[in-house]
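As written, the chains take the letters A, B and C, and residue 1 is the first residue of each chain.
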Amino acid sequence: MISLTIDGRRIEAAEGSTILEVAREHGIEIPTLCYHEALEPYGGCRLCVVELETPRGPRLVASCVYPAEEGAVVKTNSEMVQASRRMTVELLLAAAPHAKVIQELAARMGVKEPRVTLGDNDCILCGLCVRACAEIVGAKAISLVHRGFSKEVSPPFEIGSNACIGCTTCVFICPTGAIKLQDVLSTRSVHEWTSEFQARACKICGDHYLAPEFAGEAKESLVGE
Amino acid sequence: MDHQPIFDASEIDDLLNGQRDGRADSLMGVLEEVQARYRFLPKDALILISERMGIPLSQTYGVATFYNAFSLEPKGRHVISVCTGTACMVRGARKVLERISEKLGVQPGETTEDGQFTLETVNCLGACALGPVVVADGAYSGEMTGAGAEALLREVVAEVEKA
Amino acid sequence: MTRVETPDDLYRLQQQLKAETDPDQPRISVCCGTGCRVHGSMDVIQAFREEINGRRLSGKVEVVGTGCHGFCEKGPVVVLKPSGVFYEGVGVEDVPEIIVETMMNGAVIDRLVYTDPLSGDRVVHEHEVPFYQKQKRLVLDLNGDIDPTNIEDYIAFNGYAALSKALLQMKPGEVIEEVTQSGLRGRGGAGFPTGVKWRLCREATGDVKYIVCNADEGDPGAYMDRSIMEGNPHRVLEGMIIGAWAIGASQGYVYIRNEYPLAVENLRIALRQAEECGLLGHNILGSGFDFTVQIRPGSGAFVCGEETALMASIEDRVGEPRPRPPYPAVSGLWGKPTNINNVETWANVPIIIDRGAEWYSEIGTDQSKGTKIFSVVGKINNTGLVEVPMGTTLSEIIHDIGGGIPGGRECKAVQLGGPSGGCIPSAHFDVPIDYESLQELGSMMGSGGMVVCDEDTCMVEFARYFMDFVQQESCGKCVPCRLGTRAMLEVLTRITQGEGSEGDIEYLLELGGQIKESSLCGLGQTAPNPVLSTIRYFRDEYEAHIRDKRCPSHVCKALIQYTIDVDKCTGCGRCLRSCPVEAISGAKKETHVIDQEKCIKCGTCLEVCKFDAVVVE
């Protein structure tokens, strides 16, 4: 066990935890966007930054990836932290003005009109869909392509992916609803990425709920070869 | 419109089996060789390479789109690169770029309709004393001006027409 | 190729090579670095060889194609040894005369001799040329002497003796201690103490360890590493082998830009020769130490100069940086302890082992030891590579070595550190160059690119250029860099187009500050620097653009006009004929006029006018 100070409180933590994990265990709130307990932390949205004391002065670090270290002194809601989060949210609002989760964050933090416009794309590149598809599902059907401002989530060749099994994990995990699931009668498609799946119907209520490819994968991993 | 080269699967296998500085096991090394051979990365080549190397196609495609050295569309037979590094810019590279762009009728990153010329910018070739620098088909020309660029283009076009 | 299996073998080979060379024998050193090649030095060296053969002097005169001599402005550069006569701008047609007049008769050819742009003095010998006189060339010392594609040239000059000493006379811990005591700090820009980095990697637990040479020199305007790799790749290799030995690594990688084909080629040859010679591979010099090196060319991504993005690239992934900790020394390539150093850092290592930490630490300042190579480029008379002790002032570099600004213009500022750095205005040119003092001024050492700007450089456009560069090169992973630099670029673009508003400067400062604090990696953390430093020192230029819609340096197209001076125009018609949009009208021998509606401000008329009649304001 190691001990560190968060917001003036001395806290004991298991070695190998991140600051975010320790904070959450102790009921200290830190906002996040690209973090998910079931996935490796990404450190991309920078919303979870906290102030860390260092010999060269205070420094912002992403709490989702930064290890909780013995003797660390951390502030989760200082001026420095708040200013950074507001800027991050202002930029996200400028790029994704219609994404509800961003609008809510902006309202909470008192961010009004962004001072620039950077587009109107619900995808905030948090990477959760890509990471879930790779780490949890194992299909690796989509990835982040291009770079910089042009970066986007896409299947290979921006057409569709044969590796997709129609599990809809990406739809579920997307914080802004940028990934669309379309069910037209028995035909299921995810975003514009996949070829269509003929979803199975429930024997009782008749709703179409499951792509057979996904069923096959799930069965294999549960039951074995 | 330029015809796409016929993709040869056995060539890709040769590349994968070849040893050069031990880079046969490097995806980026293989992609570079394919880019050099075909002037772009054919879709089927990427699919084959992914299969052979056991790398998810989504990763291969991500790599292919991330780095400047790779293109998914065929580049022109002749590549004209204008250095837009700081030293060259301070010495007037922008005017050189604009003149070439205007004469070829394409923006940087684009290829002419007939598939002959691709205009590119490159951020520093390390030949700063000669700035502004233009590289046409691997041949460096220094101390470029707008007028000099026009003359260079005329030369290159003449070579092309002769061939 | 003589193979060396023990330190004695190496020593004997070195002695043998030295004995075979007569120090009085004439040698003609022709610079064959990339810069001089563009000037035509390959034709020049061919001409020398043919002329020597033709006169049956082959056994008596040696012609050596070397790497970059550094004085790039004056290429093709030729130096005659042992006399040291220095000739600049040598052409194929000069070759016979050089052989007959200078080599055989000892006479100096005036038109090829260096003339100082400030004093007008003619200087004959290389060591007296001011450009070289004020330098202290430790890393670049052999660039004018050896053929980089021949390992024996390097060995004859004591090459690999430091490796021999390290492997057979020192323990790994002692090597690390020596490097630590020397005070060597990373030359790639961050300036982290090298010895400390090595120790951290040595102490890290791991069955396999790696070392990497970061040769992804991406700062535009910087080409120090290119010239080291082209001109003396063995020195870098020697440093890497010593480092690998000290740290306990068995495999090394050189990650080198594909935009440097000659450097890649010379490195490839060097690796092959080192292996054939026995200095790389199994049981090096009988020490029991195995070490091999692979080349990994970059594929065009500036961000891959950042160490974690570099490692991702070697691992065949996109060049996205990852958060640190864990640091590469503990968990790097494929999760193993990895030590990454810049080319120039590695090249300093054999020098330190050979001459000792005490000798090395006497060069430089308290906190910044040794020498640093700078590429002095832009609006400067003597463009080239300069190696000076830390603590040399900017003024000395720009005036004494660089020869001042062409055309007698005023030097406005110097940009150090490329897209991560800041500009330093002329008022601060007495600053001694070291890591700390540059940071205090809002700049940084960076990798060594030094871009000189004069009155004709618009500092707002300059900052916009760097932000545009960052936007092209950002990996896009984190919000502050991906979106924040985009926002800064939009504001800067508006300002240069005459659409700036009150509050823009304050917004840039606020946003810039946040991006610095919140970004994931060094690229984002330093991206705002050029903007912040130009606002700090040239705020008046920003204000002129925003409030007066004026560009004081007459650069920003939306804010300038090209007009023809009635008093100077002779009506020759040259501009009329050259104008690409037919915006100029006028009868022969009568004053010509530019139609402002049509003018695209391409500058062609200014270029072609022989009467200085075109005015930009």
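In this text, contacts are C-beta pairs under 8 Å (C-beta built on N, C-alpha and C of every residue); 3 or more make two chains touch, one makes a residue touch a chain.
Values in this document were obtained by computation on a predicted structure and should not be read as measured data.
**Student:** Just list the two chains that share the greatest number of C-beta contact pairs.
**Tutor:** B-C
**Student:** Centre to centre, using CA atoms, which chain is the farthest one from chain C?
**Tutor:** Result for max centroid distance from chain C is chain A.
**Student:** Between chain A and chain C, what is the gap in Å from one C-alpha centre to the other?
**Tutor:** 41
**Student:** Roughly how many whole angstrom separate the Cα centroids of chain B and chain C?
**Tutor:** Here the centre of chain C sits 24 Å away from the centre of chain B.
**Student:** What whole-Å value do you get for the distance between chain A and chain B if each is reduced to the mean of its CA atoms?
**Tutor:** Here the centre of chain B sits 36 Å away from the centre of chain A.
**Student:** Multi-chain contacts only, two chains or more: what residues does chain A have there?
**Tutor:** Within chain A, the residues that touch at least two other chains are 144, 146-147.
**Student:** Multi-chain contacts only, two chains or more: what residues does chain B have there?
**Tutor:** Expected reply: 59, 62, 66.
**Student:** Going by the touch rule set out above, which residues of chain C reach two or more other chains?
**Tutor:** Correct list: 301, 318, 472-473, 475.
**Student:** Residues of chain B touching chain C in their complex?
**Tutor:** 21-23, 26-29, 31-32, 55, 59, 62-63, 66-70, 84-91, 95, 98-99, 102, 122-131, 133, 140-142, 145-147
**Student:** Where on chain A does chain B make contact in their complex?
**Tutor:** Within the complex, chain A contacts chain B at residues 134, 140-147, 154-157, 161, 163.
**Student:** Any idea which chain C residues touch chain A in the complex?
**Tutor:** Residues in contact with chain A: 301, 318, 322-323, 325, 471-480, 482-484, 486-487, 490-491, 507, 510-511, 514, 517-520.
**Student:** Note which residues of chain B are touching chain A in the complex, please.
**Tutor:** On the chain B side, the touching residues are 43, 46, 56-62, 65-66.
**Student:** Would you tell me which residues of chain A are touching chain C in their complex?
**Tutor:** Residues 42-47, 49, 59-60, 62, 65-67, 80, 83-84, 87-88, 91-92, 94-95, 115-116, 118, 124-125, 127, 144, 146-151.
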